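One chain, subunit A, appears in both complexes that follow, with subunit B as partner in the first and subunit C in the second.
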Partner chain A sequence: MSEIAVPVGGKALNGPGKVLFGLTLLGIVLMIWRFAVGLGPSTGLSDGYPWGIWIAFDVVTGTALACGGYAMALLVYVMNRGKYHPLVRPAILTSALGYSIAALAIVVDVGRPWFIWRIPLSVDKWNHASALLEVALCVMAYVVVLWIEMSPAFIEKWKTQDTSLGNAARNVSGALDKALLWIIALGILLPTMHQSSLGTVIMLAGPRLHPLWHTAWLPLLFLLSCIAMGYAVVVMESTLASRGFGRAKEDKMLASLGGVIAYVLLAYVVLRIVDIVIHGKLGLVFQFDLYSWMFLLEMVLFLAPAFYLLAGRGKTRIGGMFRAALAIILAGSLYRFDAYLVAFNPGKGWSYFPSIPEMFITIGLVAAEILLYIVLVRRFPILGGAPKPLTATRRK
Partner chain B sequence: MALDPDLGAPVSRRDFIRIISMAAASVGLSSSAALRMAEAASKGLKPSVIWLHFQECTGCTESLLRSAHPDIATLILDLISLDYHETLSAAAGHQAEASLHEAMEANKGKYVCIVEGAIPTKDNGIYCQVGGRTAVDILNDVAASAGAIIAIGSCASFGGIPAADPNPTGATGAPMILEGKTVVTLPGCPANPYNLLGTVLQFVTMGTLPALDEKGRPKFAYGRVIHEDCPRRPHFDAGRFALQFGDEGHRQGYCLYRLGCKGPQTHANCSIQHFGEVPGAWPIGIGHPCVGCTEQSLAFRAPIHSTAQIERPTPPDTYPPIAADHGGVSPVVTGVGGLIGGALVGAGYMASRKLDAESTPEKEA
Partner chain C sequence: MADRRSFLKSIAAAGTAMAGAAAAGVTGEAKAGERREAPPDAVGMLYDTTLCIGCKTCVVACHKANDLEPDTRTDDLHDAPLSLNDQTKNIIKLYKEGDRVSYMKQQCMHCVDPACVGACMIGALQKREYGIVTWDSNRCIGCRYCQVACPYNIPKFQWASAAPKIVKCELCNHRLAEGKIPACCEVCPRQAVIYGKRDELLAEAKRRIAENPGRYVDKVYGEEDGGGTQVLYISHVPFDKLGLPELGAESVPALNREIQHGIYKGFVAPAALYAALGAVMLRNRRSGKGADHE
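Showing the complex of A and B:
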């Protein structure tokens, strides 16, 4: 099938854009400060909690939120639901931005970032049993894959230019068309690997993780919840973009997507509860301590949108759909925060809460992500539903 | 049946196997290896051992005398046939020399030659002579028809103290004199007697030598650096160091790295195989940094209190504080965090309300 994607156009920095730009600048200044003074003074991290929100939010939650591209690719290319194709390219853009920001967050978070280049190159020193190595390599590869998946949008624009960039774009585009099938396949394989490995990483924490979260099924639970979060982000992004940029609404498409999301959510909840029941951990749910409340809150946030979406199948209620997407994002984020920070107890006496600079670096990174999204959709053919068709995309 | 030299009563088979099992276990051999050792020894296959002393302090022998599993009497009376040893020999003078030659003739190609002490080479080796012969001559002579050659202690392994600068006698180790021959080296000042027992018993029982590293040291004892198994290692990892002898950290048993401990560079099993039958009796155990006595590049060369090089992992540029920061939660940050989170969720909800208002006519249509 083919659909039309054209640049939105307009000024790159309008009112909200300027606010985002300010937050980004603040984030950059704080990042420079973090590298100048080191992790100790700039963060709330300690030997007990060597990772904080930069990992729990920017990497573990951020890449799950950036799974829109993965979730849509699963639906469109693996399940062969071509009707959702207009949602793919903007979803890939949010993924590419989300993963790039996550990669940057890792550089900010690790103690010796100047050695990061050794991870992909020091093949002889790889620990083949390391889940963290798998995540590192996979995320690095996936960032590259995502930008290649995104490149047709850039090439379509540059091809029409009579410059050296235009010539280069024309030369590349043939080869890219042939390679894209394999790139898309990789783009489905890689997130399947590392999103589940993010569950493996925290599974290896063993008894330091509260039993309500610790299970051998963590990889599967992480994978299922990231797919649901990816869909939810596609819903939010499409809703906001169609309003913000005056494009045709994709609400009907999103509403039918709701059914898919509901089943993924239910599958996640069923697995979670079955695990707790068969391993005799049900009593822990009703202890009504911090952990049981957190668990119950997660369950509510997962189940409420699932039932809402199931009950409202076939109807287009975009406000409710948006709230459901918000709840799914909160649910998935809370699950990841709980697994990586709240339910993780490194031992007596350790505590962690992000410092203000930590929070504002994260906010700066997210602001940069949204800002880049706005700038790119204004300049390059990414969003569908244009008022007047101009060019056809090359993607089949 | 063997005679227990202390009680004068026969040693039972059970006691005998127990003694050998302990010897085997102490050097990391399996219990089945211990059984085979016991069988070989009880069949009377006691190997002839010729022990040569050159430039040394006899500390390695002294250390061996204080081993109890098996004790020295069991060792030299039941397990091996110690045919020549200048410290333990009852004979003297020509008589002792005669027993050396007899043992060499009788067990040609089978006896174990143990060398203790460095060998002087300067001025034709005249600085160490026994019975009118130089150490170089004796060593070449005895080693020529030995079944196995073991250099015990740092002096015999690479020169040790006699070879320390300015090395007036041109002292060197047995492997340097016996080039081309396999010499098992057991460096240490003194060498741990159990590493010798394990090596000798393996040769006696199975006729083989343990796997050796490129310096001839058995891997079972010298395969890891002291740092890897050091009981003070958690202090190193946590950044807790003694900075002066007798300071608070030193009295608390903190890591001795900054006092010059060479544990990270020294290959030996001292940290798991202590000395003199006393648990904790080894340099680091009693509060002194390791001096690296098993390493040719360190022992009697590197200053005792100079900081060791750590190849892997590299030492940090700065050392973490003794009291680790456990982190904390202040009301201000939680407040700011709550505001940010609340603002985001609130903004999301308000956006959805706006969408409700917009889609109401659509729904009806």
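Showing the complex of A and C:
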């Protein structure tokens, strides 16, 4: 692997950066206000819809979109496909940011955050039957794991500095090299556990979850779709980064990823349909009510990119790859939104639509994530495929 | 060749792990019949729609007994909440369709195998003495998973508060400790809701149905429903009209428990997967892809 990751360089806050910074600030102010007034005045949530976009989007969809690091680690380290290695570090960064932001969203969403310390520490009171407990513990652990996985990028830069930070970086570097394999293994184990458990979590809604979504296979379906979403995000991120920062393109690598994604997508669709057929729920698919339309839309969004990628195989053009990735991201996100919001029916008289501040807190979180991504790839060696003057922008 | 073999092996390892998870899901579904029984000392209530006159004395008494402000938000005058809410643990509703009329009392069902307890991460909601489902303010994080899980939509959240609590009927366990009975049962002028041991209440319900042919729907709601509840209902109108869902005899959390325990029993599967991942990655690294390591 001749490609080396180098910092992109340049100003951290250009025009779009300032907009993102403004949105982040607005989000922070609204968060403080939310803690002052409580969840009622600040959100559209109710006793019928106790979970809204903070859970369905920021946490459930957000962490799945942050599965790029997981998907790439599976491919590169477990399946031993070393050629994809340049994609790993940026993928891990999007994961680290995505999970950190999701963790913050949970703090904002829960009503009594001052007891969050109990989740990791009140070991004797753990309810082992609670899938949400497992998700919470895994997400907490995984945020730490992701930043350790990310740390070589920071250490590589600091190592060259003649400061105490540089000394510390040089000291840690050796030990980290040895431990990293086991940390990466943990970085594969933890998402396998909690991404599937996100399916188990909403399964407990039981009779209040529409039968087209409620199945004992929810854990497996959530796992498969998050892997597909992870690859799709890597494709998107890599394409956008190569355009936005004028880096060399990773077209060939991305195109050959397509074959892998297609089979994951097909596996998901087959499982979904088999479940519906063997449990006699096929009639519900053709009711043509809201639920059946949403289901059919999901199926189209999953199948279209699968066939597209299969038909083109490795030869697909990058624009097509990008559109396929977009479809996969929409498919997986819609599946999660449906399972957590649309297909959840608390009974007559309840409705939910996010409030304006609720939406702007989510927008602020996403803005912060993008902003941090830009700042970090500008400052640290994360992106591969560098333009010619490799060291021109490096700062010592 | 060695590379190809290790690649296939690693796929097999990952595949086995996935299949394991899937199988746990499927067998979980098959075995989900695992049934919990009410504790021998289980207490509860029996509500009889044919006796209730809708006076709502129980609603007022419940507010008083539980130190909840009277809910006058409906018309700024009467203590007349429209549904269970952040200051109402017990409510009387009316079902009316043509000539058919029935009152309906709603509060926590104190399930034999409660979904809220299955949901709760660190046991803020627990099934305790006499099978009463209680809430502990010292453990609740306010995640509201109990609200998502409860098939009866019972637990309520104090949305207007910056330090919110979960509000739900705890069968007046503070009064039981003083030797009294739940406030709603104490004040009911018609004995439409009575307090007692669950098996005695169940026998009483069946006796009433047997002795008054044609008066009741031939079923005690809560005997089996959703795995059984400790608050029981007998009615002259179909239970679904009263807002009581058709749940079948299996409890809501049974399937989840089976799957969680199937995958995570003794933490064997995750530990095995971790070891397998580490082994595969070690071999991959040693098989000469030196440039691969970060």
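As a working rule, the second predicted complex is superposed on the first by the 383 of 396 C-alpha atoms of A that agree within 3 Å, B and C clash if a C-alpha of one lies under 4 Å from a C-alpha of the other, contacts with A are read in each partner's own complex, and residues count from 1 in each chain.
The definition used in the following text is that a residue touches a chain if its C-beta (ideal position, glycine included) is under 8 Å from a C-beta of that chain, and two chains touch if they have at least 3 such contacts.
Small disclaimer: the values here were computed from a predicted structure and weren't measured.
> After the match on subunit A, would you call subunit B and subunit C a fit or a clash?
Partners clash after overlay.
> Pick one for A:S292: touches subunit B only (first), subunit C only (second), both, or neither.
Once the two structures are laid over each other on A, A:S292 reaches no partner at all.
> Name the contact category of A:I356: first (subunit B only), second (subunit C only), both, or neither.
It touches subunit B, and subunit C stays clear.
> With the two complexes superposed on chain A, say which partner A:S173 touches: subunit B (first), subunit C (second), both, or neither.
In the superposed model, A:S173 contacts neither subunit B nor subunit C.
> Quick check for you: in the superposed arrangement, does A:D47 touch first (subunit B), second (subunit C), both or neither?
both
> Figure out whether A:G320 sits in contact with subunit B (first) or subunit C (second), or with both, or with neither.
It touches subunit B, and subunit C stays clear.
> Name the contact category of A:I188: first (subunit B only), second (subunit C only), both, or neither.
second
> More residues of subunit A in touch with subunit C or with subunit B?
Here the partner covering more residues of subunit A is C.
> What is the contact status of A:L74 with respect to subunit B (first) and subunit C (second): first, second, both, or neither?
Once the two structures are laid over each other on A, A:L74 reaches subunit C alone.
> Is A:N345 contacted by the first partner subunit B, the second partner subunit C, both or neither?
neither
> Which stretch of subunit C would you flag for clashing with subunit B, going by 6-14, 96-104, 114-122 or 186-194?
With the two structures superposed, the offending stretch of subunit C is 186-194.
> Kindly list the residues of subunit A that each of subunit B and subunit C touches, one partner per complex.
Subunit A residues touching both partners: 40, 45-48.
> Please output the residues of subunit A touching subunit B within their complex, sorted ascending.
Per the touch definition, subunit A meets subunit B at residues 40, 44-49, 239-240, 243, 251, 315-320, 322-323, 326, 330, 349-356, 359, 363.
> Going by the contact rule set out above, which residues of subunit A touch subunit C in the complex?
1, 35-41, 45-48, 50-51, 74, 76-80, 82, 85, 88-89, 109-113, 115-116, 118-119, 122, 125-134, 136, 152, 177, 180-182, 184-186, 188-189, 192-193, 196-197, 200-208, 216-220, 223, 344, 346-347
> Can you list the residues on subunit B that touch subunit A in the complex?
Interface residues on the subunit B side: 238, 320, 324-330, 332-334, 336-337, 340, 345, 348-349, 351-359, 362-363.
> Under the definition above, what is the set of subunit C residues touching subunit A in their complex?
Listed in rising order, the residues are 3, 6-7, 10-11, 13-14, 17-18, 21-22, 25-26, 28-29, 32, 84-85, 115, 117-123, 138-145, 147-149, 151, 153, 156-164, 243, 245, 247, 252-253, 255-257, 259-261, 263-264, 270, 273-274, 277-278, 280-282, 284-285, 287, 289, 291-294.
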